[in-house]
Structures are given as C-alpha cells and as structure tokens.
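Note that subunit A is present in both complexes that follow, paired respectively with subunit B and with subunit C.
Right, the complex of A and B next:
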C-alpha cells in the first residue's frame, strides 16, 4: 500500500495476513453457497464439483482464513503491547509467502484432483479425508513449520519487549494451539482412535485455545478502542482463561459419547461442557461493562463524546460478545447433554450450532481486527461507520442468524423424523430429508446464505475504500 | 498494599488460571491413558474366546453382527454371533482381514466419505450416517438393495453400489462415482462391517427397528 501510516514491519505483515484472510473468507462463502444450492437442487455440479468437495473448501477456507486473521491480529498488536518491533519479522514475512503458496496448491488439488486411490500417496498429496483437517500430509508439515516461525516471532518479541498480561496469555495460548495440530497428523486403521485424537485438534482449538485467543483480542480491543483500564481488562482476561480452560479442556468429553469410548465420558463431557457457556457470559459482561464504565467516566467529567475510537470495529467486537454467547454458548448447550445428543449428534442441529458459533465467536472479532488495521494503516484518529459498513455488518449478521434459524428447524425435523421416529437408517434419513419442513428450511438457508454473501461484498468494498473516506476524524 | 483484597489481584487470577488449566490437562491426559487401553483394537483370540472388546479385531468380518438391547446398560450394543460368510469365506486370517480393513479405512479417507456422510456420527449431513450401515435392513435379504444391484449377498450388493453409485439412485441426491475399484470396494465394505461392531454406547438409538428387520441370530 502506498502512502500508508505504518512504520512497523510487524503491522505491515499483519495487513498482508488480513488481506489474504478476507479473500479466503469470500471463498468460504462462495463454496458454502454451492453446497447450499446442492441441498435444494441435487443435480447442481454433480460429478463436477460434488457436495463433498464444495464442503471441504467451505470448511477448510473457514479454518484457514481464521488462522490467517489470528496470525495477523498477533502481528498487529505485538508492537503496541511489547513496545518493540517484532523480532525475526523478515523470516515472518518470508514464511507468509510460503504459507500462501502452500494453500493455493492445496486448494487447486482439492478442486482439480478431488479424490485418489486408497493408498498412502493420496493421504500425502491429495487429501487426508478427515473433516476440517483434510489438508494432505505434506501441507501438515508445512503448517508446522509456519506455526513454529510464528510462535518464535511471538516468543522472542514477548521475552525481549514488555511482557503484558495479554502477551503472556497469547504466548501460552499460541504454543498450545500450534502443538495440538500434531495430534491430527497420523493414520490409524482404528476409527475410534482416529476420532479420539482428531477431536484433540478440532475441539481443543475451537472450544479452548481459540476462545482464549478471542479473550486476549477483546482485551486488546477494549484498551485501544475505548481506553479501558488495563488492570481491569487483564484481571478479567485471567478469570476468563481460568474459566475457558477449566471448562473447555474436559468439555472435550462431549465428543466422546458415541465414538467407541467408555461411558464415563458421558458424565465428564456433560458436566464440563455444560459449564462452557459460563466464560462466554463473563466475556459478554466484560465487554459491555467496560464500555459502560468508560463511557460513564467520560460523562461524569461532563463530556458527551463517545469513547469509541473505531465505530465499525467496536460494532464487530460487541457482536462478538453477543454471538459468542449465543452461538457457542446457547446453541452449543442445546445439544450437549448425552440424553439429547443421542438423537441430535450428527444432524443439522450441529450445523446450526457450527454456523452461529464460528461466526459469533471468531468471524466477528477478526473482522473487527481488520477494521482496526484499516484505521491504523490510514492514520485515522476516530473511525466512523459508512453506509457500506452498516449494510455490510447488518446483512452478514442477519444472514448468518437467519441461516442458523433455518438449520435449527431442519435439525428439529431430522431429529424427530429420521432419528426418533424412524430409527436412523438410510431410508429413515431420506424420509426426514424429504419432509416439507426440511426442504423449506433448506430453501431459506440458501436465500439467507445469498444475503450473507451480498453483505460480504459490501464489507469487502468498505474495508478496501473506507480508509480514504472523508467521514473519519484524522 | 496490606489491605488490598486478593480478589482484585491480577497475580492471584493468573495463578488460578495456571492451576486450573494444569489440573484439567493432567486429568485429560490420565483419562486418555485409560481410554486408549479401552479402545485399542482387539484380536482374533478375543473373538474366538468370546472376549468383548469395544473395538473388535478385523477378523470380526467372519462373524454375524447384530445390534441388540442390553437390559443392564439400557441401550443397544453390537453382539457378535456365529460365523458368517463374507465374500464367500468365513476364515479370513488376521493378516488378510487386517489388510482389508486397512485398505477400507484408507479408502474412506481417500474418497472423502465424511464430507457427505457421518462416521460414528461425525462428518457432513448430506448423506446417511454410516456407523451401523452394515446392519441397515435396506441391504438385508428383504431390503431393496440386493434386488436393485442384482446381487445375492449384502456385501456384494454394497460393493457393487460403491463402484457404481450413479447407477443405483435411492434419492434425487445421488452419490457420485468416485472411481472406487472392486478391490477398494471390498475393503470399504470390510471397514463398514467392522465399524458396525464397535460399541458406540447405543448410538444410533433404535437403529433399523422401525422396519423390524434386525432379527437377531
């Protein structure tokens, strides 16, 4: 970017990460639309780009854009928190291009090769065929190298510079995040063992380390956007870490109800995963309370000015507080008890929860970080909403919430008809899928998916253009 | 600082977070050791001696498997019964059966099965769950699939379907041709039969009972 206000190389690298993340976000929505169309018109792209391939791209793009935006967020906040330039930033920049190139190759192979023969070369070079982490084994090792470089950047900088509470939490969290990936890098004939370790990656990412990451980012956002007091914010952050890891680590048990693992996981999984919404309430309170407190302090001094230095980013952060609690907390709790999960496991209920949780807990706050980067890059003192930013946030949020409602209804039909009434066979499955409530729900999901995608286009336009808009105070 | 409360002390919360995380992690690791032993795959000796394993050995393909209500546990469990032919034989050796299962498990990943289906309930929701697919009455002697594929046995019908799914549509939503060879199909069917013998704590509930097709041994 020409004439930008960034003097830190770490922040420059952050903007690269955010840019590629936004592109992958678009790809995620596009392939999601393909899959949604296939539910309504099963012949669409049949044997050209089948549902399985569209879905791999939908969920892999999701995971990877979030990882990109998370790396970007860390590179962005490191100079602010530590007071120094990120150490080893040149290698960080080089690794970025390696990461991007690897992803482009993986995606092209998914699209053009799709499947392979049942042997190890397929696992190494085409697909590992394990949901969310389908990336072939060569790419796994690439990801390990990339993650190690990132963690090294973070640790060296954190040790040399000022080590704030936020940086300390991020250091502990990111090493666990990177290390857990190793649990998903082996092959076994025993599918129960396979899924046991597979959940170590998936669950301990999204229901433990990623949530702690969000806590740290929310803390950073509150300090930089509304000037919340660091002492208060970091105390909350430590309480959140205790609650998130205290519930989330053993909450892993709710994935071990039906995969061949022993019955004691019923009790452990039920208890700890039922506690998982609590820290999300804490995070919600944290954001809104600090906002009210800071604004109240301003008003006590006789000023009516808003304390928010970045309106669009703060909007996304507040949506994160709501969305995390609703999508991950409430929609997760719906079906986390084994008595319920026996019927809901692997149904559209799961899908409804997945959509609102990934959006509410992660997409929101990471988009917020992108706005913070736009503000910093353009040297804006107080960043305001534009028409596109308001329409973008409204349409994306409305679309995802609408899809969640539609999928919840579809899940309800599936659970009652296919599972409880008909007994879960092949015929039972299609009886449930053919009911009019199910098919109508899928129509609505497609319509609201299109709304989400249109909202994304406005959001992307805003992120690209708002920096030069005259509405902001510079 | 003497009258400052510990509850507003960041160091106190930092230590609490560390202890809570450490305790949860240690408990998880301890449980992992126990679970790993319980879900380790059994062997041919176990099957011959009637030792029940949560995940039986690959030679389970030589036996008839049913899914029956266990009064004590309050849900259905897989029951391994008498010998039964699998592709014309009931004497698959441990090596042969193991190789078949290995091929099938690799195939299930190489063809991205779980990006349409669910296995043990995990995966995508575009196609039926495969956890107990082997026990689905649709593939049995009174089901539609043997007649549709013009095959005499469940395993041959399944293998035929897997090789040419586009020839045997069961719904507008059709499985695509994934280039599955005859050999791979055999492996995949062995993988499915083995998966149906895993003790999944009663998931899925009431499987196939609505048609009354699981008749026991």
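Right, the complex of A and C next:
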C-alpha cells in the first residue's frame, strides 16, 4: 500500500497491521487447504506436516490475523475519531515489529519443531496445547506486553482527544478483550476447571468482545462510507453493546454442557443462547435502516447518486451483516440447545458453524476495513469495484458458503450414524466417517476450499493494485 | 452388535432433519419479518406488506414450537423459547422507535 496520502503515523501503522494480517490470512487458508487434503488423502505430507500441525496453524493463524486486523482498524480510526495523532505511536510501531517477529518465530517452531517432550519445556517453548490459543508461554507474555501497549495507545489517545461514542465503546471493549486473554494463560490439574477458564477466552472473545468490536467498526464504517448520522449510529451502538453483552456473556453456558460443570448451566446456556441471535437480527435491521434512510434522504434532495463512497468496502460490510446473521445466528442456533447439542457436539456441524461464523462475523468486516485503508492511503474520493474485487469477493464468499454446506452435510451424517444410531462409541466414530455421504462432503469441502484460496489470491491482488486503478473518482 | 445402553433415545432418528430445518427457519423467517418491517418503515416497501411481515413472525413462532416439541425440551427451555419469540416480535419495534427518535431529534 503506497502511503503518500496518509495524514498520520497511526494510519501508517494501521496499514502495516493490515498487510501482515493479509499475509497471515493467506497462511490460514493455505494450511486449511493442507488439512482438507489430508481428510481426503490421509497420507498427504504424513510425518512432514501432519494434520495436527496443519490444523494448529490453520486455526491459530485465523485468530492472529484477525487480532492484527483489529489492531490495524483501531489505529486507522483513532485519528479520525479523536482528532489527534495516536499518543505513544512510536512505541506502538516498535511493538508492532516485536509482535510480527514473535509470530514468525512461533510459526517456524510449529513448522520445524512441531512436538516436544510434553513437559514444561513444551509449554514454554513449543505449544501450550490449548485449541485456538496454542502459543507457547514466552509468546503468551509477549502478547500481554503487545496488548498492554495497544490498550495504552488507545486509552491515552481516547482520554486526550475527542471522546466519541465509538472510541468510548472501543476503550471498554478492548480492555476486556485484552484482559480475558489472561484466563487462558494458567493450567489447573482438573481438566473441567481448565476448560471452564479456557472458554472465558474463546467464548467471551468471539461472542461478546469481538461482536462489540464489530458493532463499533460497523458504526465507523457507516459514517465513513455512506455518511450515516453519527448520533443515530452511536445510539444504536450502545443498544448493541447492551444486547450483545446481555445475551453473549451468559451464552457462555452452551460451552459448559458437557465439560463437567454443574447441570444448572444447561438452563442458563439454553436461555441465553436462545436470546443470542436477537442482536444479530438487530444488526441486520441497523444496516438496512441506515442505508435506506441515507439513500432516501439523498433521493429526497433530487439526487439519484449512490451514497456509498467505497463500494468494495461496503460490499464486505453488507456481507458482514448477512454473514453474522447466517454463520453466528442460523448455524449457531442449529445446535445450541442442550437437547440437540448432545448429538451435534464436536461433529462437523461445529466446524461448519465455525467456518461461516468467523468468516461472516469477522473476516468480512476486517477485509472491508482493509479497503477503507486502501481508499485513504491512495486519496480516492469514490472507490469502485474492479473485476478482481468482484471475483475476489464472489469466490471467497462462495467458497466459504460451499464449505459450510459440505461440512453441514458431513455433520448431519455424524449426528445420525455416529451419535444417534451407534451411541457415540469408538466404532461409531469411524463408521460415521467412512460413509459415502461423509467422504463426498469432504471432497466438496476440499474443492470449495481451493475456490476460497483462489479467491483470496484475487483479493490480495486487488488490495495491492486497486489504489492505482483509473476506475475510481479522485 | 450395538450395545443398547450407549444409544441415546431422547430424539427419534427421523426427527433430526425437521429439528435442523425448523431451527434454521426460525432465524430465516425472523430475519424476513424484521427485514420487511424495517423496509416498510423506511418506505422501501408499501405499507400493506406489513401483513406479510407479521405472517413471517407467526411462521417463526411455529418453527420455534416445532423445534422445541421435537427436541422434547423441558419446562424451563420451553419458557425460554417463548421469551425468544416475544423478543423477536418486539425487537424491530423497539429498535426502529429508538433509531427514529434519534433521527427526528437530529434532523428537526
């Protein structure tokens, strides 16, 4: 990304974060593709890059690229919202390089060392072994330092500059986001207690703090891209915070059904999980409302021109409203009540939900923010679609939706065969996976994974080149 | 031979597909309900289409009932589902009212 139109160091740092996020996004898809091939051809890269390692890289790269893009989004919007340069930006830049170096080392250790002696050395230097947050302990502490610096940048700037609703929400949200990471940094002897705390990181990130972050970014995006009224957008943001935290925090209960926690979590999980889709439906209303009102206001003034100032970004933001509703809402609600979760838990249903929810709720809006950064970096007044952006968004979205459908079919087979008919036994597990519906679903998952990766290449090309394209209005 | 003690009898085999379809339709119909409601309010659709919106909410409520019945949910969860149905009905009213009030205050 060229930076001749950047007005602040904070925005420059944001473009660095977005660049590394995009690289990790590519790595996530690549290792996902390797794991998908291994489902179809189990001997592929056997004892070179086993499924267990490809999967670690796939899901940890997912979390880390999103964290990078989230930090980038905050550094991008801070000068616009507060009216001042981010305070402590030099330390922010230094910490960025520390963060990048740490991630590169962790990835190299995963690739080259892979496994350890299963003692404290492994925990400190190779992997902590907790799904999604498998970084070794030295990197854990490094992440804490990075997160504290980021939070300090945000708080010092938020306190000194103009205090908008968006920045205030982000300040509260990011301190919770960073603080929750601590719940995944210690071990206990009891696996139930261990899992109890681990879910605090995973669930309270993705179904509380990350969703609120998305609300704040959607608010910023709607103001930036379609000129939505700030007071309307910010009022909505507060409602969303209340709804998301109101249902999301105790929605944690749906992860506590089968880990050895007391049975009252069934009732808590059922009630709050049933309510969790409501804010997602409301988000959908919000985008439709703001778009309709702003475009309607423009037409009432006699103009038929579109109010959208960045079409690729707006496309990704609209996909976010739909994707969040579909992936987190529908695919989550499918199997959230304990009565049915007894059968679906840990099947490919979970994987289908994970793919569409992470993509729909987070990847979409973060890619949208990357396009907003490209627009700002290149001084573009009205940013339009290019062929690569249209193909990129279509192939990535089509690929992920297709993978989700394939995984849902595979999950359905597992529910019927491995759980309902054969009672979740060892033999049932293998019988469920050897049926033709399951294996064909996995073939389709691989094909559509390849489509997603090809779409990503087009998306990356577009992000790198669209800034200079003559199709935009400057 | 499958040991009968490991097979969970709570949900009949033929009921899984209706459960998954009806739970998906809860949010599909619910989304259409709030979508039409909002579109009518921002004048993208004609007012008479509001009847269709309420029709979709009734379908939503029916799907919740069907899903809960087939899953054999307990008394507490049944109440939670009723609360969710009512919440979904009131949601677009509340959100639209609040958004509109803020809009009016800032434009007039």
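What we mean here is this: the second predicted complex is superposed on the first by the 471 of 474 C-alpha atoms of A that agree within 3 Å, B and C clash if a C-alpha of one lies under 4 Å from a C-alpha of the other, contacts with A are read in each partner's own complex, and residues count from 1 in each chain.
The working rule: contacts are C-beta pairs under 8 Å (C-beta built on N, C-alpha and C of every residue); 3 or more make two chains touch, one makes a residue touch a chain.
Quantities reported herein were computed from a predicted structural model and do not represent experimental measurements.
Engineer: So in the superposed three-chain picture, is A:405 touching just subunit B, just subunit C, both, or none of them (first/second/both/neither)?
Structural biologist: neither
Engineer: Applying the document's definition of touch, where does A:47 land relative to subunit B and subunit C: first, second, both, or neither?
Structural biologist: first
Engineer: Give one of first, second, both or neither to describe whether A:119 is in contact with subunit B, with subunit C, with both, or with none.
Structural biologist: first
Engineer: What is the contact status of A:421 with respect to subunit B (first) and subunit C (second): first, second, both, or neither?
Structural biologist: The answer is both, since A:421 touches subunit B and subunit C.
Engineer: Just checking: does A:342 make contact with subunit B only, subunit C only, both, or neither of them? Give me first, second, both or neither.
Structural biologist: both
Engineer: Contacts for A:231 in the overlay, against subunit B (first) and subunit C (second): which applies, first, second, both or neither?
Structural biologist: both
Engineer: With the two structures laid over each other on chain A, which partner does A:245 touch: subunit B (first), subunit C (second), both, or neither?
Structural biologist: So A:245 only meets subunit B here.
Engineer: Using the superposition on chain A described above, determine whether A:175 touches subunit B (first), subunit C (second), both, or neither.
Structural biologist: Neither partner.
Engineer: Look at the residues of subunit A and decide whether subunit B or subunit C touches more of them.
Structural biologist: B
Engineer: For A:274 in the superposed arrangement: first (subunit B), second (subunit C), both or neither?
Structural biologist: In the superposition, A:274 touches subunit C alone.
Engineer: Touching subunit B and also subunit C: which subunit A residues?
Structural biologist: On subunit A, the overlap between the subunit B and subunit C contacts is residues 231, 235, 239, 342-343, 419-425.
Engineer: Okay, in this complex, where on subunit C does subunit A touch?
Structural biologist: Against subunit A, the touching part of subunit C is residues 2-3, 5-8, 10-11, 13, 16-17, 19-20, 23-24, 26-28, 30-31, 34-35, 37-39, 41-44, 71-73, 76-77, 80-81, 83-84, 87-88, 91-92, 95-96, 98-99, 102-103, 105-107.
Engineer: Where on subunit B does subunit A make contact in their complex?
Structural biologist: The contact residues of subunit B facing subunit A are 8, 10, 13-14, 16-17, 20-21, 24-25, 27-28, 31-32, 34-36, 38-41, 54-55, 58, 98, 101-116, 118-129, 131-133, 136-138, 166, 170-174, 176-179, 181, 184, 187-188, 191, 195, 198-211.
Engineer: Give the list of subunit A residues in touch with subunit B in this complex.
Structural biologist: Going through subunit A, the ones touching subunit B are 35, 38-39, 42-43, 46-47, 50-53, 55-56, 114-120, 122-123, 126-131, 134, 165, 168, 187-196, 198, 231, 234-235, 238-239, 241-242, 245-246, 249-250, 252, 255-266, 268, 342-343, 345-348, 350-351, 414, 419-430, 433-434.
Engineer: Using the touch rule from the top, collect the residues of subunit A that touch subunit C in their complex.
Structural biologist: Its residues touching subunit C are 229, 231-232, 235-236, 239, 267, 270-271, 274-275, 277-278, 281-282, 284-286, 288-289, 292-293, 296, 325, 329-330, 333-334, 337-340, 342-343, 412, 415-416, 419-425.
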